[in-house]
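All chains are identified by letter, namely A, B, C and D, in their written order; residue positions are counted from 1 within each chain.
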Amino acid sequence: MSNVYGRMLRVSTFGESHGPAVGCVVDGLPSGIRVDLDAIQRDLDRRRPGQNKLTTQRKEADQVQILSGTFQGFTTGTPVCMLVQNTDQRSGDYSEMERLYRPSHADRAYDLKYGFRDHRGGGRSSVRESIARVAAGALAKQILTDLFGTRILAWVQSVETIDANVSDPSSVTLEQVEASLVRCPDPASSSAMEAAIFKARSEGDSVGGIVRLWVDKAPLGIGEPVFDRLEAELAKAMLSIPATKGFEIGSGFSGTRLRGSVHNDPLAILGGKVRQTKNDSGGIQGGISVGEPIDCRVAFKPTATIASSQDTVDILGQPAKLLARGRHDPCVVSRAVPIVEAMAALVLADMYLVHRSRSGLYPVPHFEATP
Amino acid sequence: MSNVYGRMLRVSTFGESHGPAVGCVVDGLPSGIRVDLDAIQRDLDRRRPGQNKLTTQRKEADQVQILSGTFQGFTTGTPVCMLVQNTDQRSGDYSEMERLYRPSHADRAYDLKYGFRDHRGGGRSSVRESIARVAAGALAKQILTDLFGTRILAWVQSVETIDANVSDPSSVTLEQVEASLVRCPDPASSSAMEAAIFKARSEGDSVGGIVRLWVDKAPLGIGEPVFDRLEAELAKAMLSIPATKGFEIGSGFSGTRLRGSVHNDPLAILGGKVRQTKNDSGGIQGGISVGEPIDCRVAFKPTATIASSQDTVDILGQPAKLLARGRHDPCVVSRAVPIVEAMAALVLADMYLVHRSRSGLYPVPHFEATP
Amino acid sequence: MSNVYGRMLRVSTFGESHGPAVGCVVDGLPSGIRVDLDAIQRDLDRRRPGQNKLTTQRKEADQVQILSGTFQGFTTGTPVCMLVQNTDQRSGDYSEMERLYRPSHADRAYDLKYGFRDHRGGGRSSVRESIARVAAGALAKQILTDLFGTRILAWVQSVETIDANVSDPSSVTLEQVEASLVRCPDPASSSAMEAAIFKARSEGDSVGGIVRLWVDKAPLGIGEPVFDRLEAELAKAMLSIPATKGFEIGSGFSGTRLRGSVHNDPLAILGGKVRQTKNDSGGIQGGISVGEPIDCRVAFKPTATIASSQDTVDILGQPAKLLARGRHDPCVVSRAVPIVEAMAALVLADMYLVHRSRSGLYPVPHFEATP
Amino acid sequence: MSNVYGRMLRVSTFGESHGPAVGCVVDGLPSGIRVDLDAIQRDLDRRRPGQNKLTTQRKEADQVQILSGTFQGFTTGTPVCMLVQNTDQRSGDYSEMERLYRPSHADRAYDLKYGFRDHRGGGRSSVRESIARVAAGALAKQILTDLFGTRILAWVQSVETIDANVSDPSSVTLEQVEASLVRCPDPASSSAMEAAIFKARSEGDSVGGIVRLWVDKAPLGIGEPVFDRLEAELAKAMLSIPATKGFEIGSGFSGTRLRGSVHNDPLAILGGKVRQTKNDSGGIQGGISVGEPIDCRVAFKPTATIASSQDTVDILGQPAKLLARGRHDPCVVSRAVPIVEAMAALVLADMYLVHRSRSGLYPVPHFEATP
């Protein structure tokens, strides 16, 4: 397993769905951050199960507790451990999953890799693992906001075949997103998505969707070519979230169908600054942030655990039928929104610290020459 | 910069387009590999500029030289340094790029980050950097072939709006791919793609496309949840290649429009083995390879450097018009094919070594219980 | 801060002396280890304050709790989080350390680096931090014992000017070490050391000493030249323990005074195996373990916090006199013994996993040639 | 193998004694360093074999060539590859080492670990590997000098039983060190050491010694507790140099015999600054540099390869006698001096970049309170 993310800002996560707790240790934080516990809890609440009728009905307060790394309300530069207790486990619901592999689920993969697994609630492959990401990400968000006024916002762009109509992404607000149960800022689409999710659930089925990530005022010049290009790190971070199947930045896959003369983002002087006149690049050039909004999409497949009969095999390699019980989200994208934001925040904060370590140390010829 | 990739198999790359040489150091190799220099050269030749009329006409032999790490034809476990000399530099062609930023190119980003840059031929952001990836990847491919019979094959799936028709990806052969100038195994589409590329070039323009990656017989059980899931590492590796805008695995973005009951890959006993009856998952479950083919797509934008006039700014922040000279590929996807394969090989070999470090050390309850 | 140790077996630690808890997350464990909670607790008890009259009188049960990573008593391959609550904090004792820097202590260094610090009980620089090392090390010890029968034993070799007389290190037992309050297996020296420690304490002073580490049956062939030589990793691990000033392996500093003809360890066939006839090398050649006992010494300075008046400055940079209150060990070496063992175990287990990742993959010419 | 050192400043090294070349890739450099090729060559010349009558008579110019990472004399932030060709190989001298293991040498260890090895000149375990360290270290030195005026100086403190008399380490100059063939700034001791080395060589034997490292004006506040304490990184770096057996900082092993009241370094106001009135700590408190000189010693054993008959075994496990031919240093410490300096520079520069990444980001309460 590899449960540590980051170079300079390193997050170690731990915990299973039906163990005593889940949490994380965040190492490499600067000292002096006035920790906003409410902001951390707010993001955890957006991720929380049972928050509304669209999500799994597991009831968890997901109350975060800080065990280390702060003094008088500020970070001291030492590791911050954050812990959330598990309370509403119903292991009985999962007893058949001890024996039967869920199709398109981590169950069998874990057995292949580790020889056995904690099957209760999916164990480590449960989405409860993402609590640690969201808590750590909230700290990272705060750093970015404090230092750059960065705004990291994600929302549901599509559910099943319903696409949101968001004409001006930079004007979308957190309030608009949170006003929707689905977390889609386009009210008409939101209602349709809600209906689609209910329909799928009532039919013992699930649906997928796309989350869009939009970052304004990201730190400038971050991203480390050639291997740790900013879009590469974002892609990794997003594909590390369970149920993801794709990542796009800027024009993405549709941009492959354009000519260079159309796709290239011209440079011009706007408001006294060098800016692109459009942003098919998605805010990154050559692996480096250039001051335009960062614009990505992340594809989430339909939830694997469904309440319909499926062909599968058991742990002894015999064919079987599975009708999953347990409490599951019929669609993960609404709860994935804060997770996508958290992972983006962790990438950006970490990449900023990496960039800061060696940037601006020497005067450089070009800037010396600049009038 | 971050020019080191991998945990156990670590590749350090270096070199600029118009410097003396480009190359890499591969650390963490097992001892005893009978190094196939021809195979390395073969992949480098597939990546080489000037290989046919579709690519840039820069002439480089790209002859690889091994400086360390082998003895009597075998790896010794010490680092292998591979070097390729640069010979056909024409820096004069790039003189205006010293002053003018190419739209949607790394030029300005490097200045933002580093204060100045080697503008000749794009310096480090040149695709010549990928020589190191291909050379290292060829070694990684060999390990995977030697140990698992792994077959890593990529091809051009689309160019501009032309989509290849590849009904059975597992039957595509390297010969079919290489028989096409475009590296598309569907002859009809290949011709159309070729025409599209010529047309774009003749119009001073460029086109993009999609490369498909198909891996048979990947090592089983590799990928390290939660942060180093196999698809996450693949996504990062692919998005670290210049000009990429997206990554998909299995059903990808289109899978988000399906129901779970349709998307889930049922398990069954086929040929005496547990297999999926289909593979919308793309060969990975829960971040771990499960014995099905790994199936990904990578989106490449149209080449940024085009021979048409573009609006831009100069390094002093003044508006300007750029008409790029220099020798450039009107479409990068054909030459990207061996780069995609190389990055896949580096990911799989590295992840295998990571997995191997701790797998099978203890008997585990489940397998003990298995009859 | 950097609170993560290891490549394949990664330990993240956290916690301050007067915070709610200290602990660690151990990532990269193999699955299937039958976790011996008693063994972990036993090592924690050896490290515990207040265990006898020689140590600080802070009373802590230091009861370890496992929050994740095990199922039915076995590790699952997922991260193991271990937690110890802090209970007997007396922050009042440290109030003057908020204002006054202790000479030769981390107090001022933390302020220089982080701008401020949790002064209570030394905060993160408290020896309570080592609880996490000991807990993680106990797991590492178990792996080594399970797989190789490795025996990692440390003891007090000297206190102040009193040197233990240990003629045959390989015959020293844990029982002998634990029978001594000082953890010195030579009873006569142990009594003298005990007296020296009492005398120092009664005089408001402290003493230092040397801990010897002896490892039998370490895994063979571990250590990664050139930078991660086994002795280099051991040196780092030991010097990461608070209060250490030196590290020696084999002949150490005294070996520098010998001739090569005397210092070299001849090879011979003993008991049917290739062995050294002596071990001035300390069990490592060329950075790699060779099957002989690993023999190191670690130097610990006298405890910095003493109950005598000292010249110092305050946090505003004014000269001051410090007479430290609080509960402190007059000599750290006895409690350092399990910490030294733990760090050795973490190094060896991690280096073994690294080695295992790529060893034995290919048949190699030499062994093929061997009859 | 692990041939990569550093977190932010990462050095990858490669090359064998009798291969075509040795070298390194330095990644993570800031842009804008005016590379001083003469300074790099100067340190390589200090390390060079055959530089005087005390060293091995292998003749190598060790001329360094830079292949990447600079433009118009400045670093661009991209990786710098430095290469040195091997020219004076005499593999015939080593033919018996293909078959016979040198006692206390890496020969057998490499066979144990890798199954076979390049025996010519010691292959990767040759001291030629250190060329890469010295070249990379020279760049690191330059960064430290440019930014902080740091002075990193090492010298030979003892050879066999002869100890140099250096009363004021901070007044030792590079010129004094280089004026001595042995690199001992105390002329009387230098002559005696020279005689001891000649005597050992004439008797087919070798001697060891101690190198002292003294760093003035190291960057303040560097070192990352708890695991990457500055002394821990220095210990690792030094013990990664071949033939080392020990590391001490400040009072080292002798400090263990002192009382805390004597050992503690009092703080006072000297010259308007907070200073220690003495420096038994060796410049580091709590793992962090505090503005005092960094003072370490490194123990080097006598050279293992000697021209006297030794008992050993051959690669088939048969007893044998070895009388080594080849050209070897009778004492490594003089040539180790620039290697020790280089490793110190790499540690300090890397730790500085790590520290810089997150320091000073937030105002902190303490400094706000300071008048």
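The definition used in the following text is that a contact is a pair of C-beta atoms (placed from the backbone, for glycine too) under 8 Å apart; a residue touches a chain by one contact, two chains touch by 3 or more.
Predicted model, so just to flag it, every value in this text is computed and none were measured.
Q: If over half the contact pairs have to be identical by residue number, which pair among B-C, A-C or C-D is the repeat of B-D?
A: Among B-C, A-C or C-D, the interface that shares over half of its contact pairs with B-D is A-C.
Q: Higher C-beta contact count, A-B or A-C?
A: A-B
Q: So what's the Cα centroid distance for chain A and chain D, whole Å?
A: Computed value for the inter-centroid distance: 44 Å.
Q: With chain centres taken as the means of their Cα atoms, state the distance from chain A to chain B in Å.
A: 25
Q: List the centre-to-centre spacing of chain A and chain C in whole Å, with centres computed as mean CA coordinates.
A: Each chain's C-alpha centroid was found; their separation is 38 Å.
Q: Among the residues of chain D, which are close enough to touch at least two other chains?
A: Those would be 1-4, 13, 28-29, 31-32, 74, 77, 110, 113-116, 124, 354, 359, 362-365.
Q: Mind listing the chain C positions that touch chain A in their complex?
A: Per the stated touch rule, the residues are 1-4, 10, 12-16, 19-23, 25, 27-29, 31-32, 65, 67-69, 71, 74, 76-81, 83, 110, 113-118, 123-124.
Q: Applying the document's contact rule, which stretches of chain B touch chain A when the two form their complex?
A: Going by the criterion above, the answer is residues 1-5, 13, 101, 103-116, 124-125, 129, 158, 160-161, 200, 204-210, 220-221, 223-229, 231-240, 242, 244-253, 255-261, 263-269, 274, 276-277, 280-282, 284-288, 290-291, 297, 299-306, 308, 310-313, 315-319, 354-355, 359, 362-367, 370-371.
Q: Please name which positions on chain B make contact with chain C in the complex.
A: 7-8, 28-33, 72, 74, 77, 143, 146-147, 353-354, 356-359, 361-365
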